[in-house]
Amino acid sequence: MAGHPSDPSDPHPHVDVGAGRLEAFSDAVMAVIMTILALELRPPEDPTLASLADRLPGLLIYLLSFMFIAIYWNNHHHLLRATTRISGSVMWGNMFLLFWLSLIPVLTEWLREDPRAALPVTCFGVVALCAAIAYTVLVRAIVRVNGPSSLVGMAIASDRKGKISLVLYAVAVVAASVSVWVSYACFATVSVIWLVPDRRFVRAHDR
Amino acid sequence: MAGHPSDPSDPHPHVDVGAGRLEAFSDAVMAVIMTILALELRPPEDPTLASLADRLPGLLIYLLSFMFIAIYWNNHHHLLRATTRISGSVMWGNMFLLFWLSLIPVLTEWLREDPRAALPVTCFGVVALCAAIAYTVLVRAIVRVNGPSSLVGMAIASDRKGKISLVLYAVAVVAASVSVWVSYACFATVSVIWLVPDRRFVRAHDR
Amino acid sequence: MAGHPSDPSDPHPHVDVGAGRLEAFSDAVMAVIMTILALELRPPEDPTLASLADRLPGLLIYLLSFMFIAIYWNNHHHLLRATTRISGSVMWGNMFLLFWLSLIPVLTEWLREDPRAALPVTCFGVVALCAAIAYTVLVRAIVRVNGPSSLVGMAIASDRKGKISLVLYAVAVVAASVSVWVSYACFATVSVIWLVPDRRFVRAHDR
Amino acid sequence: MAGHPSDPSDPHPHVDVGAGRLEAFSDAVMAVIMTILALELRPPEDPTLASLADRLPGLLIYLLSFMFIAIYWNNHHHLLRATTRISGSVMWGNMFLLFWLSLIPVLTEWLREDPRAALPVTCFGVVALCAAIAYTVLVRAIVRVNGPSSLVGMAIASDRKGKISLVLYAVAVVAASVSVWVSYACFATVSVIWLVPDRRFVRAHDR
């Protein structure tokens, strides 16, 4: 969705071109996912408070998924902004991430049908875990091609948030069959962790 | 949906990059909302004038929501154009605005099912009020980070339109249980107010 | 959907910014319309040739509307490319055009339900006529603000295609109640006329 | 979805503008197609493993179509990046390609209804073949206008992948009435072939 021009003062415009393309493609796919999430919202059946109340759990689940995608969008942008070189493995790491994210809307719809059933929560956790693994793979591929002393390499020297997310999603998957509320708490905790802006990249940009 | 390049003559391109990203993200989400609005339109059931007439109230409600989103898109663009610095609170103020806007399509669909019922009109008013509050919060966060003597600070020294909108939406929420037509009149009045282009930012740009 | 950067060699970058914003907004809305058109296509009911044949008239109507929007997209881009100044009346002329275009998908769906019924064809013609009038209004507003001796002013000194389209759409509206095939022939003729690239703007660009 | 700025060091910025417009239009339409593909996914009917298993063939078909569009997006971007001049025949070759791609979602939905029926597989193959022919026509039109000694001309001197794809799609069309699994194997093979990044354009860019 975004056109990111090669900065006219960029000494390596031919490299940036690749990252811009990847970013535009990813933005488009993530906007698509947001579209489908919002499209799945259904109006209350009658113009009554009882019908409105019936829709509240579904609205909270929408909020969870909206934040999930918004956070990936935000962090993905930060990541690609700090990137100057891409490679084939970066491109396919990114595609792998987008594929898992594209399954979020249909899982959200499944969750909404019965928010207390264990299996949909487990599946949501598995896909969230796969997306987090794909993001980790993507970050590593980017650092490999840009070098550990590059801006992106220094910026994510310790990917603490990524590691905590992986653990929380794994807990959510295991806990779902015992209590779905533990899993929801894990999902919400990951959202809150990532809501804090990632100052590492901001600092890298400002140098 | 839009790629807004860093202006080559911008002395602080690394700051502008952030505003461009925010703008691209917001444009994409607002385009998404437009998609869903238009998607909810249903063709008349039969190829007859009576069926066509049945669809007219729904078409007017579509026009109202189309203008609602178009105006936010327009003003949001003006606002971000005049912005050179963003911060974490700007980013989350913006996300807060987008979340409320993303609920407009499902409320539009609810309105269309029974345009005279009070509750859907009240809810539309509440969400419009929340969006207007979020916009006000966003504007304040932007002025705080750019300084009151910046272009954006001077341009919106007195945010008269914003304040009038807040009052009209509050009136619409209260009036809905008495007469939905008063509420519709409030919504239409806000649209007309914002239709007049905001010359403050145009002037700020031209300096 | 497109980010059109201010050309670094542009002597008036602050003016071009406005046209870029308008273009990005319009591209996004037109992509939205394409989405909905393609989304309305339904697979054949059974995996048989008879079911496939049932879908053919609908596919032809899809092709007609796909071309209709593609041509507006193409010409709109040519027009805005040649534009350096915009005004409030340009912005609202554009919004007026987009509103009419956004009604095409629902009319396409209505046409598909009964391609031989007169009323849907009449309505399609009326909306196509309104869109063509809006485009003419938009072109005039752009020429007014850029001056008749500007690139865009010279390029569209005689807007022959626009005038022919207006006449053909008016004929289609009147003819629908007699024979829908005359109307379809008018729509197809307009498509073919606009398919020929508009060399006026290409030449203006190359100077 | 992407705005591709005219490269500031480009000696012919007025020519590149055309390629950027074409790319933005194409990106938007391909994002639209991705939207519809993901939108067609349906959640399992019940929160049980049996219902989840029922959805697996549909998910694999989604993966096939996701890769199909992702690969066109990727290669189309590489192609247009290496292009400096466009013409009327390039524009309509591109539109011809996009039209065939826009039929993929409805065919995917048809496939998913009965993955073993021959006719939907045949139709998918015919549309894939038409898209591949359109891509070949587009490549030829681009080489014709840019000259065989241009970057794009040298880069695709031998379009081996394109030719192999054409043959495999033709085999898939013929084989579907005998065994749909042969056809699926052909589709999967084409995906794998194109997954390998096209180093020709990467090299051309780096010069």
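Think of it as A, B, C and D in the order they're written, each chain with its own count starting at 1.
Here is the rule we use: contacts are C-beta pairs under 8 Å (C-beta built on N, C-alpha and C of every residue); 3 or more make two chains touch, one makes a residue touch a chain.
Fair warning: this is a prediction, and the values are worked out from it, not measured in the lab.
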| item | value |
| --- | --- |
| Chain B onto chain C, rotation angle from CA fit, given as a multiple of 5 degrees | 90 |
| Chain D against chain A, contact positions shared by both copies (same if over half, else different) | different |
| CA centroid of chain C to CA centroid of chain D, Å | 25 |
| Chain B and chain D, separation of their C-alpha mean positions in angstrom | 36 |
| Multi-chain contact sites of chain D, meaning residues that touch two or more partners | 1-5, 8, 24, 27-28, 31, 35, 39 |
| Chain A-touching residues of chain B, taken from the complex the two chains share | 1-6, 8, 13-14, 17-18, 20-21, 24-25, 27-29, 31-33, 35-36, 39, 88, 91-92, 95, 99, 102-103, 105-107, 109-110, 113-114, 117-120, 123 |
| Chain B residues within the chain C interface of the complex | 1-5, 7-9, 24, 27-28, 30-31, 34-35, 38-39, 41-44, 47-49, 52, 63, 66, 70, 73-74, 77, 81, 195-197, 205-206 |
